[in-house]
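In the two complexes below, subunit A is the common chain; its partner is subunit B in one and subunit C in the other.
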Partner chain A sequence: MLCFEEFQSLANFLGVEKPNVFVDEQWKRPCVETSAGKQLCGLVSISKYLTDKSHQRSLLGTNIEESSLINQWLEYRTVYINQVHQKSDMVRVLEDLDLVLQKKVYFVGNRLTLADISIYYGLHRIFVSLTFQEKEKYLHLSRWFNQVQHVPEVRQTLPVVVFSKSRLYKTTTL
Partner chain B sequence: MKLNIILKNLCSLKTVIAAGITDAQVEIVKIPPKASCSGFCNNVSTSSPISRPPVLELPSSECLFSANAICWYLFHQRESGNNTTFDPITEEWLEWESNCLQPYVTTFIANFFENNKLNDALFSTLMNHLQYLDSFLTSTPHFPRSSASGTLPGIGDVVIWSTVYPVITDEKLGADTVKKFSSLCRWFHEIGLNESFKEAVRYVFGEKKPSACKETLIEKDPLLHNFALSTQRGKLVPQVINSSDVEMNTSQVEEDVISQEEMFVVFKNWLKGKSFMPKKSEEKFPILPQEGERNILVTSALPYVNNVPHLGNIIGAVLSADVFARYCRNRNYVTLYICGTDEYGTATETKALEEGVTPWEICNKYHRLHKEVYQWFNISFDYFGRTTTDWQKQIAQDIFLKLYAKNYLFEDTVEQLFCEKCHRFLADRFVLGVCPFCLYDDARGDQCDKCGRLINAVELKEPKCKVCSSTPILKTSRHLFLDLPKLQPDLHTWLDQSCESGYWTNTAKVITYSWLKEGLKPRCLTRDLKWGIPVPVKGYEGKVFYVWFDAPIGYLSITASYTDQWENWWKQPEKVQLYQFMAKDNVPFHSIIFPASIIGTKEKFTMVNHLIAVEYLNYENDKFSKSRGIGVFGTDAKETGIPSDVWRFYLLSLRPESQDSSFSWNDLLLKNNSELLNNFGNFVNRALMFLANNFSCVIPEMKINEEDKMLLVRVNRELQSYIELMEKVKLRDAIRPVFSISRLGNQHIQSNKPWEHVKGSNEQRERAGTVMGLCANIACLLATLIEPYMPETSTKLKQQLNTTPDCHVITSFFTCCLPSGHKIDYPKPLFKKLETSFIEDLKKKFAGDEQPKEKSPSKKMSSKGGKSTSVVEPSTQIHDTVDQASLDHLTDLVAKQGNLVRDLKSRKAEKAEIEREVQQLLELKRQLALASGKDPNEVSGQQKKKNRKK
Partner chain C sequence: MSIPFAVADMASGTLYTYAGNFRAFKALIAAEYSGAQVRVVNGPPEFVFGETNKSEEFRKKFPLGKVPAFETSDNKSIFESNAIAHYIGNDQLRGETALDQALVIQWISFADHEILPSACTWVFPCLGIMQYNKQATDRAKEDITNALNVLNNHLLTRTYLVGERITQADISVCCNLFFLYEHVLDPAFRKSFENVNRWFTTLVNQPQFKKVIGDFKLCEKMAQFDAKKFSEFMGKESKGGKKESKPPKEGKSLKEGKKEKEPQKKEEVEELDETEKALAEEHKKKDPFDDFPKGTFGMDAFKRVYSNEDEQKSIAYFWENFDKENYSIWYSEYKYPEELSLVFMSCNLISGMFQRLDKMRKNAFGSVCLFGEDHNSTISGIWIWRGHQLAFELSPDWRVDYESYTWTKLDADAENTKKLVNEYLAWEGDFGGKKFNQGKIFK
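This part shows the complex of A and B:
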């Protein structure tokens, strides 16, 4: 998903004004102008800024621990997920995330946070190219993905990724 | 709370400093380097970022594995509640540090210790990072601090300080150069005076120097390592991953273990030289299968004659087949590539009617158009023919009669509407009437426009012929049907064997087997038409073959037009391998109907071994549409001024092998400029220009060293990959090894710096010569490998390299074809840069207007558009109703009147009289025009035409 598309979707979801996005050529990152008239760059920073401005600040965490965890996952999104360009990288990322979600419903706390939304946007391009068998392999991650994509207002214009379990494939668990 | 760290690790340093500064109540635990922390599961590998220390175990038993997040937690836990104010500047710096700075520093240091020297490119980019920091720190003393910090360093200071620590303090890593960043150094020094910092450094690094961090870096995170080296870094939008996608910008992080044996073998092959290569086999006419050779017969789906081909049609069949055929020739296989225009059928007849000419004339005109288009694209047919030949008639009738004799055909009658006035059977779409369901009075014979229901023309109330409006009658017509159910078992057996042993694309297999699963139904092989091959059975006079029955037979008849020994190719399945290329909509005819017909003759025919079908190519995410002006058609490509090789390359890189793909002008621009120009073109030009400028165009003495041998190994690996992919007809994937080779070449040049060495001592000069001589040989290999994709470019390059055809046979090993002493020609650039503005203009030109010009639906790409798939089609030939006698009479009158007028004018008779006679002449001429159906102002169903010319 392109950055500006992502920000638009996020702004829609949050109910804030859509920002004007331009590109910082030197560091290849998106930039917006804040309401204070300053420049703010970086996917994570802008996402957090938009959320902070909105009435859903709880998406950034309700206590310090949650906020730190959300920060961590937002970082993971840009440093790892966005840098996946080959199959081998992809496998590692999906494996890790699947492991994390084995005992969790959402990434942080027990509810949807900015971490889930951001990772969903980041993973979407990968998920559209997975086969059903692969999606079944990453069972927990797929379960989470399916859950998030059905939260109203999160998915917006992105195509739905279809999940389907088949008795033909040997699954790793269950 | 426990903070698990590893010693001599930069990330751990960061967290220890944070713990110290914030005076946090944490217990610091040292973990041995290769162990992981159970944060989530004990099964996680050590190289996984989610379990690698530093890890902070939180009170709630959750874990933080991100060093920056740990710092953030430690800094904010002093505050109560959740009212942390959002500080944009700090957020931005932390994000920049984790995304841009840290991975770069890590890669830089890792690279340094792997190669034992500074990598210039990485180092200079790193300097950019430091410059950026320096600029910021010139105007502010330090990074933003919250009020809770007071005068102590804040989170920004801690995080950035730790990451730049080794680079600023260790001379090996460039600390001297860094001194020029005075603000940065000042800040670094000041912050470093802080006790917590000093303590943390002592704790984590002990007495060791900062460069000791290399130990914990080498267990590097491949993802991050990739990150800096990969050219994808520049993208804001990570591209969609497709498991079968060509990875154009792969960096080399795959297992790169090169064994001594491999190097030995590769080097030995290198030394063998040109004399060990097979001679390029001569092509003599006619090309026939040889004993003991690989005989490859390549066909591309015959384009339907009266459709102007668009890019989707071209990549679907003819271009794909061409690449493969050229590859086979370069391998010295005996190769024959056959194609032509498919000319029979309703569509041609209808079009002929519209344009007021005969079907034959239509075919001539469009056959020429197709031929020209393909010629421009350099499609190397051995023969490009057509289906309207005697051979076609003979072979098709022969097969038909054999099926008839062996009882694979049965007769049945079909009821159809026949217009007596027009004297032809009407296709569903030529009938108008009242819809039997909704009583809409302008329903068409196949579907009611108002209620949308599908109907049969015979069901229409008050049917009328669309052309002449008279009421058609119901006539029964006898037709012959191919008994596919009877042939199904034998067909199935053959299919299983062919799919198993050959390369059928997934699409082809899926479509074929789904037809089989549904159960084959009888197929009507005859039609009431005039334009087609006559049915050679008594009682079927006036009927012709269903066009999809005879179309695949076209391959055989076109081969027969090429050589009368065509049966050597088509009746020797044990000697010939048949590869058939097409788009997916043609698959059933090539995998079911035609093979079934052949099987029914009980004779030995060459049948398809490898069925290569592709999906659809779209245009800028829309469908190609001639009527709406969307997409690039026929001769448009030539008129853009972009060379045909570039089109070929781009279309092949988009070949829709496993799913639909989309043509995009922006993508063409990108691929031309980055892959063709900057990668391939740049490499070749550099190598040859260097030789021209420094060695007078002569390949110098080449003393191959270890590093060169490793390059040879890598090149050989790519070569193997290329061959393997081509043999499996994975044409799109096979592009990748070619560009990897040129990339390897570029890297080799970069790391050896021949432009410096050539100015140095004799030994250094020799080294430069070796490197560039080797690269010239690589260029020679590239010329061979790129030929199937870009023949013109390949020829140009071969000319520049001054090679003979023997250098360009594809073998499984890379050898030295240009030995020292070989003279090359003066090099010229192979590609031109495409400008964005140029491409933007073209994009607008082919975007089409939004209003459709006519009601015709937009077409997706298909090799055979416009063929009716309804069961029976009626005749659309109009009988000649020209009354030759009255025509003659009129012509006579016109001539006479013309003479009269000329006479009057020359006699200079009265103006009024001349005028009267002129009017009379004009009136006669108009009548004559009417009578012979040539008046453009009059369109009536009674167009009288001359008979079809033979």
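This part shows the complex of A and C:
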């Protein structure tokens, strides 16, 4: 998903005015102009800025532990998920996240937070490319992904990723 | 993602239950999701478990006389917890499509038939509210393991039981698992059911659940059968000689023989209800006397003086320290003296009553005496307790014996009260012409 679209969707979900995103010439990073007229750059900063302005600030966590964990996952998103360029990168990310979600429904706490939304946006392009067989390898991550995409306000215009529930392939390596 | 509801569509009414009833939780959690206006009636004076729900007026609306029971604001009656929850809930909880609705019913039935009976067989003996039977418990453990396996496989690929949102299926199955996760599913046992654990922990941490059930603490050590607790429980449970034949009441039960046989079957059915009630009370063992001010009379201190000093000293001590503002004095008389036969049996009657009133000891004192001889005797006594109301009504556990006595509240300032109390404390005096045989002290 392109950054532009992601910010539009996020703003839509949050119920805030759509930001005017532009790319800064020197570093080729996405930027917005804050209400104070300052230039703000980068995926994480802009996502947090938009959430902070909205009525859903609890998506950023309601205590220091939660907000730190959310920051951790936003960082993971930019450092690993956005840097998937080849198959081995992808496998590593999917394996990592599958393990994390083995005992959890959401990345942080017991509810949807900006961590889930951001990782969902980041993983979408990867998931559409996976075969059923591959998706079944990452059962926990697939379960989580399916749950998040069923929040219509989060998915918006993104295509639905189909998961087979018949579990035809019993070769899962759990 | 809350969906706004039209206020006109929302269910509203009154839910009757005893406090802490996990069946009522199914409906109350549903109400948190739907925003239904539910007035909960779960305590005196409006609701006394075992009385209100057995009254004619209640049974007219709810023929089973069981709780939870729900009366809509336009006076329609609904019984059975899942039906109430269905009515109180919303479309998301009920399932949006016919298929989803069917699946919701499927899991609710699964919870009631595949989980609950075995859960009771396993957990209740550990809480001392049911006899332990190794075979039955082993069988129950096996059944629970099977049921958890089914859930675990289902939840491997799913976040919630039906669809991708919380439904009544999740709420009802979760509520039926409460006492398993609280008492017996210790970390070692539940390790094999990580998907169920993940689902369960997520649910009990949803704000809508937390508002109803508070903080849920997962079991750390598997509870085992508690024989001591069980015998205590049986002591207070036995009513009208159902499980324990009480010799002194023989005369009475003969007379009532016919009447007693009939309700027995019914009582067995109701036993589960009673047991669940006891289970709910496990959670909050609150001393009913806590509602009354502590006052200045030290019950313990008085009992110490009474046990260690001679009567003259202890009687003087009593009147010096008695706090008539916060404590009351009562005179009790056994209603059926013509049924009292042998002296030792009558003594058993008194000590049995004391035993069943064990939890009153901290706040009450009594001296009960037997007068006369074999086949011609009476029982009467003096009681002192915190508060000014008839203490036995404060807890269902204390109601077993008191109805067989007449209770008269005495004026603490009156001269004849003083005389009466002194006689019963000293076990000496004319007792209004009755011949003292022996006495027992409740302390």
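As a working rule, the second predicted complex is superposed on the first by the 165 of 174 C-alpha atoms of A that agree within 3 Å, B and C clash if a C-alpha of one lies under 4 Å from a C-alpha of the other, contacts with A are read in each partner's own complex, and residues count from 1 in each chain.
The working rule: a contact is a pair of C-beta atoms (placed from the backbone, for glycine too) under 8 Å apart; a residue touches a chain by one contact, two chains touch by 3 or more.
Quick caveat: nothing in here was measured; it's all calculated off a predicted structure.
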| item | value |
| --- | --- |
| More subunit A residues in contact - subunit B or subunit C | B |
| Touching partner for A:Glu153 - first (subunit B), second (subunit C), both, neither | second |
| Touching partner for A:Arg92 - first (subunit B), second (subunit C), both, neither | first |
| Touched partner set for A:Ser142, first subunit B, second subunit C, both or neither | second |
| First, second, both or neither for A:Ile126, with subunit B first and subunit C second | first |
| Which of subunit B and subunit C A:Ser35 touches, first, second, both or neither | neither |
| Partner chain in contact with A:Gln102 - subunit B first, subunit C second, else both or neither | both |
| Overlap of subunit C and subunit B interfaces on subunit A (superposed complexes) | 102-103 |
| Sites on subunit A touched by subunit C in the complex | 102-106, 109-111, 139, 142-144, 146-147, 150-151, 153, 163, 165, 167 |
| Subunit B - residues contacting subunit A, complex | 40-41, 43-44, 48-50, 58-60, 62, 64-66, 68-70, 72-73, 76-77, 79, 82, 84, 86, 88, 91-92, 95-96, 98-100, 103, 128, 132, 222-224, 226-227, 230, 232-243, 247, 249-250, 254 |
| Subunit A-facing residues of subunit C, complex | 1, 156-160, 163-165, 194, 197-199, 201-202, 205-206 |
| Sites on subunit A touched by subunit B in the complex | 1-3, 23, 26-30, 34, 38, 40-45, 48-49, 52, 61-65, 67-69, 71-72, 75-76, 78-80, 82-90, 92-93, 95-96, 99-100, 102-103, 125-126, 128-129, 131 |
